[in-house]
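There are two complexes below, and they share chain A, which is joined by chain B in the first and by chain C in the second.
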Partner chain A sequence: MKGFTVALLAWTLISPCKGSSGSGSREAWPTHIACRDGGLEMLYQSCDPLQDFGFSVDQCSKHLKPNINIRFGIILREDIKELYLDLALFSKGSSVLNFSYPVCEESLPKFSFCGRRKGEQIYYAGPVNSPGFDIPEGKYQVLLELYTENRSTVACANATVICS
Partner chain B sequence: MMAPDISRFLLAVLFSASCRVIIASDQICIEKEANKTYNCENFGLSEIPDTLPNTTESLEFSFNFLPAIQNRTFSRLINLTFLDLTRCQISWIHEDTFQGHRQLSTLVLTGNPLIFMAETSLNGPKSLKHLFLIQTGISDLKFIPVHNLENLESLYLGNNHISSMKLPKAFPTRNLQVLDFQNNAIHYFSREDVRSLGQATHLSLNFNSNDIKAIEPGAFGSTVFQSLNFGGTFNLSVIFDGLQNSTTQSLWLGTFEDMYDQDVSSDMLRGLCEVSVESLNLQKHHFSDFSSTTFRCFTRLQELDLTATHLSELPSGIEGMNSLKKLVLNANNFDQLCQVNAASFPSLTHLSIKGNMKKLQLGVGCLEKLGNLRKLDLSHSDIEASDCCNLPLRNLSHLQSLNLSYNEPLGLQHQAFKECPQLELLDLAFTRLRVNPPQSPFQNLLFLQVLNLSHCFLDTSNQQLLAGLPVLRHLNLRGNPFRDGTIPKTNLFQTVGSLEVLILSSCALLSIDQQAFHSLRNISHVDLSHNSLTGDSMASLRHLKGIYLNVAANNIRIIPPRLLPILSQQSTINLSHNPLDCTCSNIHFLTWFKENLHRFEGPEDTLCTNPPSLRGVKLSDVQLSCGITALGIFFLIVFLFLFTVLLIFAVKYLLRWKYQHI
Partner chain C sequence: MMSPTRLAGTLVPAMAFLSCLKPETWEPCVEVVPDITYQCMELNLYKIPDNIPSSTKNLDLSFNPLRHLGSHSFSSFPELQVLDLSRCEIQTIEDAAYQSLNHLSTLILTGNPIQSLALRAFSGLSSLQKLVAVETNLASLENFPIGHLKTLKEINVAHNHIHSLKLPEYFSNLTNLEHLDLSNNKIQNIYHKDLQVLHPISLINLSLDLSLNPIDFIQSGAFKDIRLHKLTLRSNFNSMNEMKTCIQGLAGLKVHQFVLGEFRNERNMEDFDISVLNGLCNLTIKEFRFACLYHDFSDATDLFNCLANVSTISLIHLNLDRLEGLPNNVRWQSLELVTCKLEQFPTLEIPSLKRFIFTAHKSGYTFAEFKLPSLEFLDLSRNGLNFKGCCSHTDFGTTKLEHLDLSFNAVITMSSNFLGLEQLKYLDFQHSHLKQTSDFPVFLSLKNLLYLDISYTNILVAFRGIFNGLSSLQTLKMAGNSFQGNLLPEIFTNLSHLTFLDLSECQLEHVSQEAFNSLLRLQLLNMSNNHLVSLDLCPYQHLKSLQVLDYSFNRIVTSKKQELLHLPSSLTFLNLTQNAFACTCEHQSFLQWVKDQRQHLVQVEQMVCATPLDMQEMSVLSFRNATCQMSKTIISVSVLSVLVVSFVVVLVYKFYFHLMLLAGCKKYGRGESTYDAFVIYSSQDEDWVRNELVKNLEEGVPPFKLCLHYRDFIPGVAIAANIIQEGFHKSRKVIVVVSQHFIQSRWCIFEYEIAQTWQFLSSHAGIIFIVLQKVEKSLLRQQVELYRLLSRNTYLEWEDSVLGRHIFWRRLRKALLDGKPWSPEGTADAECN
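Our next item is the complex of A and B:
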């Protein structure tokens, strides 16, 4: 009986130790729905091993309007005086589109959140200057990455867009 | 009898488990500079690891777990100068937390849900210079303990709930240079608020994203500022009214994509007449009635930034802007360079029209009135010209720096930059250039020192391409292929003997002639990375000494012994990402590599590829012995023995034969 107690004690003490060592393989972040409406479904999952983030798109539709409004919530792990977005679009496993877009630059901070610092929590609800277009039917994989001038990741998302 | 044994065993397990935690935390912190700089970010640590040396000076400890910090939390690390405690879930900072930290100069507390800071919580440091209290939930500036802030140079208070910038009476401002209130809830300034800044002069104040609704007229009057930022404020006249009679070096009044935007009228800008400003930024505003009168109060400006202000034209006939030195018109909608009406700004030394949203036509002589222009940036503007650049750049005789990178194809004729003979820097990267051999487009740029021609799709077989550049020091030819992948004996470098830095990476090179760089006597930096060169190409560097040589990501397998003296005379070499051979056929190089490890850049990526058993092993870890093997020695002895026996028999037989026939 005594042995069992000690074993239990040992187990409870060891278990959190493993957690704090940070070496254990962590479950992937959950998949969230960015929008689901008008024949369009957008799902995403954070691919930053350190944290999840929140994202949603207003007025979801396969006839995407220009300058759509989004909501975005995240904790910054880097200063974002300079912030860049890389987007890679795949359809049926082959690459369709790749582009890189400066979001914040020292000479042109486009958004009011530019210049915020590491550790700040950001909530952005507002427009992104996107073009309007019709999304052809199909299933698309999108890889989005926000990073700083040192190529340090600010946010990373694996998204799936299903248009039916 | 059994139970105590088991419990003793389990106790041992328990003990070893707690040991493991310490070992684990030892691995957690990354040493950036031995005994001085450590990074322990993102590990949920609840205390300072015992393994950090007492000599630690700079500690990045963000994203850990320290609900309360107190006197003993950091007591061991008395040499700390920089401490980053971003998002450590700190609620309490108790008395005398930093009492022993005499050297501490920067303290970052961003993103902690602070409930209370004790009166003496910041006491101790001799000169605390930088304090970050961003997003710590502060609503009242009295929250900050003032006892040890006499030496404070910058205070960051962004993203809090502050509604008044008024500093408490006891707040020392004597050394303050930066006061940052970004993204708070300050809507109003009174004279008294600004007066609380006390003796501070040449202060940089940041009120970006505060939605300022009113300022008591002249509140900022007769104070001298380094910079003021009221970014995101749409009613500019409110700001100008408040700034009456003030003096500031730089005033940032731009807005953002996500801000509600009211058009700026010329009336709103009238207030600028009462303010003394050297540099003004109005990025992303819309102007409702843009005309020459809009600029009536801009006459004292030296720098004006109108980035992304939806301009398709600057009005002609702007008067009195003789003092403007720098004009930024990036990301606008000009069709023609002449629409800038540059003649209004005769003193201009810097002009930037980068990232124009439409295809920009260069026109003829649009900038010819800018005789003082030193620096011109026309990059990323979709410029296309079949005959560049003498007509568009007419009369820019003082131009020193020209950036035409990231444009559409440009045709360059002989002496294409004759109009700007003073050029020192020319950047044409990622702009396709059309040059007909044997023309020399850069002829007579007698002062050109830096030339960036990366990814210009040049005809590198044109030997006269770089003729007429007597003092060129830095040449970037990255991404320009050479014919047959070879740099021949006679080549375009023969005319640029003054080169010090030469970049030939990603040029699809297979080989370089031994004499190819013969005329380059002053070179100190050669980048040949990302080609398909072999070790033999190194012979072309025979006459060079003490250079930085980058041959990373090539096809180098074996470096023959005759080439080792050439490498020995260079100061730094990067051989990483090559398919290096680690067999005995390369033994001379391998031995030499280990003796000269200090010369090598990126040794952790300098790996063996052959033999398969050593693939991926660091070159510095390879142990080879390439003498005769034991088996070889055995056979040699056997062979010698048999030979001796045979010889003896032969001699014996010969003697016997001889004696028998006497």
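Our next item is the complex of A and C:
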């Protein structure tokens, strides 16, 4: 009984209160599974202090297809007239690939979510281009960041890809 | 009595509850511009904050759970111009909620699940120009109470549940309306009556976006005689047939810009036939944009059947295979092809075309000549294009070209110096691989060129005339190239109009002193990311207009004082960050200069030291001159002490025996003398000493005990030690036998010098001089001291006459007797071995 009380007291003092927003130290967002299939496991965690987001890949496989279908849902904190994606791939701590891609350009919006507004919810389910190759076995770290023309972060994710 | 455990059991959950209880938190908003702009995004506000100044013009309250907007909610902010209420969980907006916001021009209500919107909710907004009500549960425009907002220019009601395009009567009031965004709604059918209100009024500037509505029917004539600025229909149709009938339904529409197509990520129609577009013949279109249809257009010619009269045509993300056999009558002035998967580079012949944009095609095409005699603007960027023999007017069939963009292509070989393209004002080659730029002045004809970008084009500048002819050039970007010997030579001599020059990432190690002499109008110069080791400002001294000089990411360690004197007077920003500064006293004058010029230096706090180790990553400003003064003192003190020590050592060395004497004096003290006199003489005079001096003194009465080296010096001890210890220390007097030989003997002179010190130390007259024979004066003068002493002191002279000798001995005895203790046994005991 005493041990339980001590544990409870410790929990009371240490545990942060959910819902108290603001500038205080915030808990890290939980780690989500984007897919786990066909020898490939993809986990991600939001690295945007403001919000978490939902992301999943349909039918993941270590034989990466030229077109993979993804689902992505988020509530925008910024207008996205222009949207850019930065992707950095690390293997064993060293950088393997750095890649930047303009997702939305003001003059020719390719995707239907381009031009959406701050506060608007977007849900994208559809194909994305990928190089199409077999992923070598190993553990990879992927840093993904979506940002606007003002360099404001729209979404940021620390992903781990484990291929076995 | 409650047990302590139970007490704790009750208290702990209570504490847990209390500590997690949300108080009515007041979180201060971020003051972006004092008294004007406040940012209160996501601060968990339940009500509109009252601690914000009433002069606020821009207020962002987004992502706060306001939930309810009562009347006169914003009466304390009468100056508001922009109000952002995105995602505030607002369900109810009461009458006159925004009353008194007479200056409000933008109201954003995105993402609020509005259920109750009072009829007079927007009353008072007499200046509102932009209303964003995206994703607000809006079901129809009819019930949207905005009819009185005559100043409205933009209404964005996208992502709602609107089922009908029926524009209510009140639109006839909105005469300033320019944008109506109805995209992502539920509009299925468009009837004639829906747009009735647009007939009497002429909203020729209205842009209507109906994308992402599941339109399956447009009543014939619904758009007849309607003029729009822009109509966007993207991802609207489920099938080819629906699209066909709907386009036919648009007949009679006069539109400046018509955008038709799909989105990459939305569902695409299953099949597509060019005949769908036949309906476009009944429309009057100025600009046509066709985007993101991934069906194969085997024969593109039919695509343009109804588009011959448009002036601007944009084809974006289409699978066009070929673009040949265009109808002869096309009057296009502008053609844009973006990512169209053409099999080969299109060779067009359109006499009217002024603008041609062909970009972002992935395959590596080879450029083929085309003939566009009216062409003024040509963009062939991002195609991986190979271009053999660039560029002259025959390549493009025009002499009117003003804008040419060949950036992000493959290999471009320069073979002609833009012959016939003298009108060019803008030329961009960046990130293409340029070849043969060093063989001849490639830009010689471009006397009207204002802008030239050859960044990252693999040029090795070896030819000094590379920029000859560019007499009007204002902007030159040549980052990421290289120079022969990594030296920037005088290649800018003709560019007297240049205002912007980018030379970053050119591996430069040196800059010629005359490199920039003619660039009198240069305002911005970027020298960053080079390998420059020193900041030499001499080459920039003639740049009277230079305002910005970027030297960041170089390897600057320091700079000499005279090189820093030439800082151009107009310079306002000098960037020296990310260099390898040496923060040592050696470069103190440079570091002081940095401090003096800090108002001109960009991010001066981020200028950090690279060496020495203890200053690494520390700001250059933190270097203190005092440390140098300190070390100067240390250096001078140590030099001085070394000098003193060596001086002392030299003295000790030189006066070693004198010191030995001094030490001995203390040790033996006075009055313990074994001998009456120590005789200093030359061994040549030994006969006289033995026969005359010893005989007379030791055997006379009273007897004197003399110390004689041949007799009394202890064998095995150094001569010098014997002289001092036996001779001087144990004797009361010293008899110096001066003769010709005495002066010539080094030992005698040494003994005599010691004797002098001995006399000085014992502080009484102890030296008795006997001049044995007349010494030549010239010889005596060599021994200055002796000469002086002999001329000042009384000395005894050895005489040959009997009387003289008698007097001699009497005087000598008398002198020796001085200070002698009168004890006969003292002499008897004395042994002098």
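Here, the second predicted complex is superposed on the first by the 142 of 164 C-alpha atoms of A that agree within 3 Å, B and C clash if a C-alpha of one lies under 4 Å from a C-alpha of the other, contacts with A are read in each partner's own complex, and residues count from 1 in each chain.
FYI, a contact is a pair of C-beta atoms (placed from the backbone, for glycine too) under 8 Å apart; a residue touches a chain by one contact, two chains touch by 3 or more.
The structure presented is a predicted model; accordingly, all values stated were derived computationally and were not measured.
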Exercise for the section: Using the touch definition from the top, say if A:L108 reaches chain B (first), chain C (second), both or neither. Expected result: both
Exercise for the section: Using the touch definition from the top, say if A:Y140 reaches chain B (first), chain C (second), both or neither. Expected result: neither
Fill in the blank from the handout: Overlap of chain B and chain C contacts on chain A, residues 1-2, 9, 17, 20-22, 50, 75, 77, 108-112, 116-121, 124, 126-127
Practice task
Note which residues of chain A are touching chain C in the complex, please.
Solution key: 1-2, 5, 8-9, 11-12, 17-22, 50, 75, 77, 108-113, 116-121, 124-127
Practice task
Enumerate the contact residues on chain B facing chain A in the complex.
Solution key: 2-4, 6-7, 10-11, 13-14, 17-18, 20-21, 24-25, 28, 42-45, 62-63, 86-87, 108, 110-111, 132, 134-135, 156, 158-159, 182-183, 208-209, 231-232, 254, 256-259, 283-284, 307-308, 328, 330-331
Fill in the blank from the handout: Residue set of chain A touching chain B in the complex reads 1-3, 6-7, 9-10, 13-14, 17, 20-23, 50, 75, 77, 107-112, 114-121, 124, 126-129
Problem - Residues of chain C touching chain A in the complex - result: 5, 8-9, 12-13, 15-16, 19-20, 22, 25, 27, 41-44, 62-63, 84, 86-87, 108, 110-112, 132, 134-135, 156, 158-159, 184, 211-212, 234-235, 263-266, 291-292, 314, 316-317, 338
